[in-house]
Amino acid sequence: MQPGGASQWQIATLGTARLDSPLKPLIEARERSENYVDESDLVLVDDVLSTACERGVPVEQLPGLEPGGPRRKIFFDPSKLRAAIVTCGGLCPGLNNVVRGVVDELWWQYGVRRIHGIRNGYEGFIASYGHEVLDLTPASVRGIDEQGGTVLGTSRGQQDPEEVVDCLERLGIGVLFVVGGDGSMRGALRIASVVAERGLKISVVGIPKTIDNDIPFIDHSFGFQTAFARAAETIRSVVVEARSTPHGVGLVKLMGRHSGFIAAYAALARNDADFVLVPEVPFGLDDDADGRPGLLSLVQQRVAERGNAIVVVAEGAGQDLVPGEGVDASGNAVLGDVGRYLRRRLLDSFAEAGRPVNLRYVDPSYAIRSVPANGYDAVFCLRLAHAAVHAAMAGRTAMVVGRWHGRFVHVPTELAISRRNVVDPHGDLWLSVLEATGQPPRIG
Amino acid sequence: MQPGGASQWQIATLGTARLDSPLKPLIEARERSENYVDESDLVLVDDVLSTACERGVPVEQLPGLEPGGPRRKIFFDPSKLRAAIVTCGGLCPGLNNVVRGVVDELWWQYGVRRIHGIRNGYEGFIASYGHEVLDLTPASVRGIDEQGGTVLGTSRGQQDPEEVVDCLERLGIGVLFVVGGDGSMRGALRIASVVAERGLKISVVGIPKTIDNDIPFIDHSFGFQTAFARAAETIRSVVVEARSTPHGVGLVKLMGRHSGFIAAYAALARNDADFVLVPEVPFGLDDDADGRPGLLSLVQQRVAERGNAIVVVAEGAGQDLVPGEGVDASGNAVLGDVGRYLRRRLLDSFAEAGRPVNLRYVDPSYAIRSVPANGYDAVFCLRLAHAAVHAAMAGRTAMVVGRWHGRFVHVPTELAISRRNVVDPHGDLWLSVLEATGQPPRIG
Amino acid sequence: MQPGGASQWQIATLGTARLDSPLKPLIEARERSENYVDESDLVLVDDVLSTACERGVPVEQLPGLEPGGPRRKIFFDPSKLRAAIVTCGGLCPGLNNVVRGVVDELWWQYGVRRIHGIRNGYEGFIASYGHEVLDLTPASVRGIDEQGGTVLGTSRGQQDPEEVVDCLERLGIGVLFVVGGDGSMRGALRIASVVAERGLKISVVGIPKTIDNDIPFIDHSFGFQTAFARAAETIRSVVVEARSTPHGVGLVKLMGRHSGFIAAYAALARNDADFVLVPEVPFGLDDDADGRPGLLSLVQQRVAERGNAIVVVAEGAGQDLVPGEGVDASGNAVLGDVGRYLRRRLLDSFAEAGRPVNLRYVDPSYAIRSVPANGYDAVFCLRLAHAAVHAAMAGRTAMVVGRWHGRFVHVPTELAISRRNVVDPHGDLWLSVLEATGQPPRIG
Amino acid sequence: MQPGGASQWQIATLGTARLDSPLKPLIEARERSENYVDESDLVLVDDVLSTACERGVPVEQLPGLEPGGPRRKIFFDPSKLRAAIVTCGGLCPGLNNVVRGVVDELWWQYGVRRIHGIRNGYEGFIASYGHEVLDLTPASVRGIDEQGGTVLGTSRGQQDPEEVVDCLERLGIGVLFVVGGDGSMRGALRIASVVAERGLKISVVGIPKTIDNDIPFIDHSFGFQTAFARAAETIRSVVVEARSTPHGVGLVKLMGRHSGFIAAYAALARNDADFVLVPEVPFGLDDDADGRPGLLSLVQQRVAERGNAIVVVAEGAGQDLVPGEGVDASGNAVLGDVGRYLRRRLLDSFAEAGRPVNLRYVDPSYAIRSVPANGYDAVFCLRLAHAAVHAAMAGRTAMVVGRWHGRFVHVPTELAISRRNVVDPHGDLWLSVLEATGQPPRIG
């Protein structure tokens, strides 16, 4: 998708169905304002200019993204439109906020009256699973944002895109909102391709979900702040344990298959960790040939110096050290259990050294992702939902909504899944972790 | 201060005092990395390019800010440096996190061993108040980040900058960190001026604090997310009340003297408000001459339609309607009490209309600002503190640390106090509020 | 009602309608157990025996209450029974837990299928208010216990008991559960009288609600623990404020019209208060003729000695000092605002003494009573609801469920409203307050 | 120790050292009150009188306990007394509240100025461990009650009582407060025996700690309410997971080695569990010979009927089904991991039946016991500490403080460890669980 309208098959005028919409005065107000989203507006992809290398480049040649927001003209006729929303993959704080936000916005701002909830992820499109389709209204979604989880249900894994589009056609859906992760967005792209092949006019708009914060073009993915704050509470529990016993070692395993954002932010939030281990930064357990100390030595040393030590490990860290265990229903590799492995190795290393140790291991697992969204994420989910609805009504497709440098933007789905956001071992976040923990940049 | 080094009076090499610093390997690591903060790096002030009007402008001519972070060379000799930190003005979640972050960073990363806490704001510099000066160490600040308030104490109002600098000289301070709001930053600038007049080498680095989020060049000011989430809980309490009685009206007065950020975000977070009133958007209580309904009619109408109505008002809203009450010790105008005024007017309007009403009025006041920082703010305060210490050690002065588009930046203090961040009535935040509440863009 | 069956008009056998009830095996199990509630069991009213005065009294002559729990025989035929529940008066944490508990227990344990929710307190019985009657099922009440307030709505004030009983007859109600306070229980008693006069068989069972904990024969009233814990958070906010400024005084006004339980427990929970003022213990503001210091002197003295002082005042305290303001819709006296009065007098007294002061006044009001029940109260409400259903199904009427010395009991409504539970100025709770605060037993 | 004074070796009069004590006016006030604790007062052990079997028994022959509280005469001279406090065994919410409460009460009410904190449980008495002894003052314990854990540290296991008493003598301790569980109270009793053998006058007063609520003569043990409320949050996390996926099963393992109080109360608090498994009630996994369904069938059936099922299991439940794993340092048996065993068996049973299942298993472990005390427990700990100090100052020894039927009481340590409090399978708590879950009284 290029900014400027390639996805706008046919621009519907703001018809009679919209005359009573509360959005009408808004749009009129914005038309008089210079902040109205113009079709040629851009948000720069990179605003840290290394002036040495980019001197002389005209600004319009810098890469940019289309800003989100309501458009003067919309593509679909709300009085005829049928919309659907589906939530896919693992839970994440804020799913219900997104669902409620989409329903309320379609209903109140655009006057859409037929909104369907697809049950249990992509399974809900496939007749053989027998999941009913829900009718959603502002009344039926009121208050769901105070609950964790998703009222629509979810499931992992893909379904045949041809069958999904069959279902969309059968239901007469014009706009499909997909809330999901990496794999689900690939699925959405396949659905959009089938839609295009069949010459249909069905917008497929993604709202990217990843509790691990590893989606590009999203400053923080929704639910991330809630999740790492909850993870920080778990860190606190082992800190309390470790400091209440002699020779206390606290070990916490947190979510983060490919990226260490939750581990890094939770450790900074609690600010009591001595070691943070993430997938992006390899580490060794044993001292290396040059005598550089490995993790086991460093932990022993920290206990000797300060009486206790706290280790935070992302589930995807140190996967070169532990064997993996196949793949799950979504096709994601099942990771080796680095937490239990570290627990064993730490206990052994203290035993070998003849030193006492009181090790507490905690794996909060699902407890982190099933909580309701906190204040910030509640606002963020609501505004993402607004942006997704505006994009869909304007006829955008094969895109996801993002937030880049404080602006809501449209990101082509292809771009959004082309790479993964990771903790940059040379960036300022990891530097903050090294500063806060005092751990050496290289371990083992 | 211009980016690029004007404030660097004399660059100290990384002397022998630093040999054992954990930062050394970090700096070495970053020297090998392309992400190292180069003295000529810039963060663009505006990255939403209206391509129509800016075509052809070379990028280096766009306005920019110096990025924060550690520098290859530092100005002060840590083994000789004496640093001080002071917290000024009203409470804000995260003050203790900033204090702890500054102390830990100076101590562990730079090896500074003499760090003083000035008691009770600028009063602490003035002998006649009799406040002692505290010695701060990592041990003495451990755990303070789990408490609200500030362990240093605070006070409102200015003190004579000449006396302050006398005190700095007497104590031998080389770096002063000022955590405070608008007025305190003006004070810091006056202190920096006296320092410059006397030809001293004392860095004055500000960490801007405003629970109202009204400081420019800070995406969200520290403590803001914690504060609005707490405010959202208060909204919930009146929502519960209003929905549990027939004809329920809930009225909440929130902080926000000049800007409505807390009111707007809290209302979006709870997502149950019917009307949000902020200082930036005037409103009328009575219907205007053209029959456009005022707030009183709109609230009655909402109660009639939905059974209840929720009004969120920022303390600075509608000040044209209520009389003010002089100025306080910091020289800030004492606002008229818009909450109680609205309460009275709403009760009267229902009574006049012969309609029953159950109005619940809540003013959480201090309860919002005295809570400990949430996870996000804890991380943000810690990283702001790191950035402030890096800036100070690099010899920057008369500046504040900020965060712009996801990057920590240095902002000249003069620029930071030159204007106030407000809710843009034509921007996307206010649009979100109008969409979520359904309130008309213009009331009365 | 006398224990032992006076209210059992006619004992229904456990008929065919109950054959599939999950309670059946329970009852069978209990019939084999010695713990089954026998009709002649008693719970002693007073188990602190002053052996000096009661020697020789046979135990069966001590006053006792009938224990709660399921009975071998029930009075009503569940297949024909229609039950109703109404919530009256001010909000209290746990109302929804009680509603859900009653509905679930009637439905699952006794097989009652017609359960009505009366809207907005006693108003809901009176046709002219136009409130509809709700049908309640386990599905419709699922999850309501996670919300504050009451899904049934509530209102203050009495309605004509003849009209209420007309409504009960019209709806064919056999069992009415009234959740409410002192005044509502008087109303329930009047309803039960009209029922008796008309020779009807309608059980009226009360579940006593008082956020102030002032009901006798209830160790702690439901919602009380949640409420005082929430109040303690408010105390913390002024403690943080008062300790962060020089000469800080924190003043908190808490609920408690006739009893100081919330103030006393909240002060003990936070354990930072210097003075607790309750309705049960008179106090003076000024020093008395004998030089015994009054509150104003004591606060000044505490600020001088420790730098700050915290005062917690129950809304009903010191009513001899402030003028009252008439009566409200429930007929309760509107109290004078002791919080604002103390605030003014404290400020004046510091000003007169020429001493600086930073006074923070917080009145959390509704915020305390609209929160969801905490863990303990959730369990307590559920079990109270079970006890109420068991009592009603066994044909008890004109009674409330209580908890006495760890046992659920049946208390005749007349006894429950005959007196008010208050903080005993000579009891061990008040002693704990005096010990924790260090305030003198007599002030002024 | 018998009620009535057998432990009062020599009654000290309220000497000159006490003249300035705030307690003095209190005691004077109480002397004029009929509520003063008289040496012959009793609290009945059982106040549920089965009138059938106890008719005619004079009340003074019923078993009773000595009430707690301040006495007119105290045994120790506060100006000379040295007191010590030690915390033993696993963490429990409220430990720091007890420590602060004891220190504040000794200092402010009795004027004791030498109070020592023994580090890391009984280890702290044994020189070879090298733990220093802390000096405790109101200033040093201020605010510790807002933290989880224990500032004194703790450890498991016993030490030689002779060595402990050697240490007590060396330090000149007159009063020792032991906060700990079953095993620690046995240790305290051995210490008291050695004290008696040596003819010393050292009071050993226990404050019983058990997160499992299994101590007799304590209505609820301190920290229990906080712990089960925290456990209920964990149940919520699996409920959210199980309801967000098709065929969801949530399994939570909670603390409770010998008693199922935490599992039972947490399940009632969250009120979404389908099965609660506790040590007191055996269960089978497979259907029994008579066709009575076992747990595996029941869970499958519940998933088939309602779409999901929630199982809460206490760690000590079903130990006949899983092999144990030796003993730990305290001599407690290491239990077999019933949670992981159930997880495996449930997965297998669904697989064998060819049914899909999404099972989420959570074991919150330490996260439950390291949180700060909630409001109720904060008050309870404070008052327990007061009662312990009053008892010790009155010369009581070899006893623990308890709370029985709403009264603080003195319980001979021997009696307190003579039996364990368990969930009565025929009592009203378990009945509530059966009613709330709908699980059959007998499984398998």
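Should a chain be cited, it is by its letter among A, B, C and D, assigned in written order, with residues numbered from 1 in that chain.
Definition applied: a contact is a pair of C-beta atoms (placed from the backbone, for glycine too) under 8 Å apart; a residue touches a chain by one contact, two chains touch by 3 or more.
Bear in mind that the values here come from a model prediction, so they are computed numbers and not experimental data.
Q: Keeping to the contact definition above, tell me which chains border both chain B and chain C.
A: Chains in contact with chain B as well as chain C: A, D.
Q: Does A-C or A-D have more contacting C-beta pairs?
A: Taking the two pairs in turn, the one with more contacts turns out to be A-D.
Q: With chain centres taken as the means of their Cα atoms, state the distance from chain A to chain D in Å.
A: That gives a centre separation of 42 Å.
Q: Between chain C and chain D, what is the gap in Å from one C-alpha centre to the other?
A: 27
Q: Please set out, as single numbers or ranges, the residues of chain D touching at least two other chains.
A: Chain D, residues with two or more chain partners: 147.
Q: Enumerate the contact residues on chain B facing chain D in the complex.
A: For chain B paired with chain D, touching residues are 143, 146-147.
Q: If you look only at chain B, which of its residues touch chain A in the complex?
A: Touching chain A: residues 22-23, 25-26, 29-30, 33-35, 38, 40-44, 47-52, 54-60, 62, 64, 67-70, 97, 100, 104-105, 108-109, 145, 219, 225, 228-230, 232, 265-266, 268-271, 374-376, 378-379, 382-383, 386, 405-408, 424, 426-428, 431-432, 434-436, 438, 440-442 of chain B.
Q: Show which residues of chain B lie in contact with chain C when the two form their complex.
A: 91, 120, 123, 129, 131, 147-150, 153-155, 233-234, 236-238, 240-241, 243-246, 360, 362-367, 370-371
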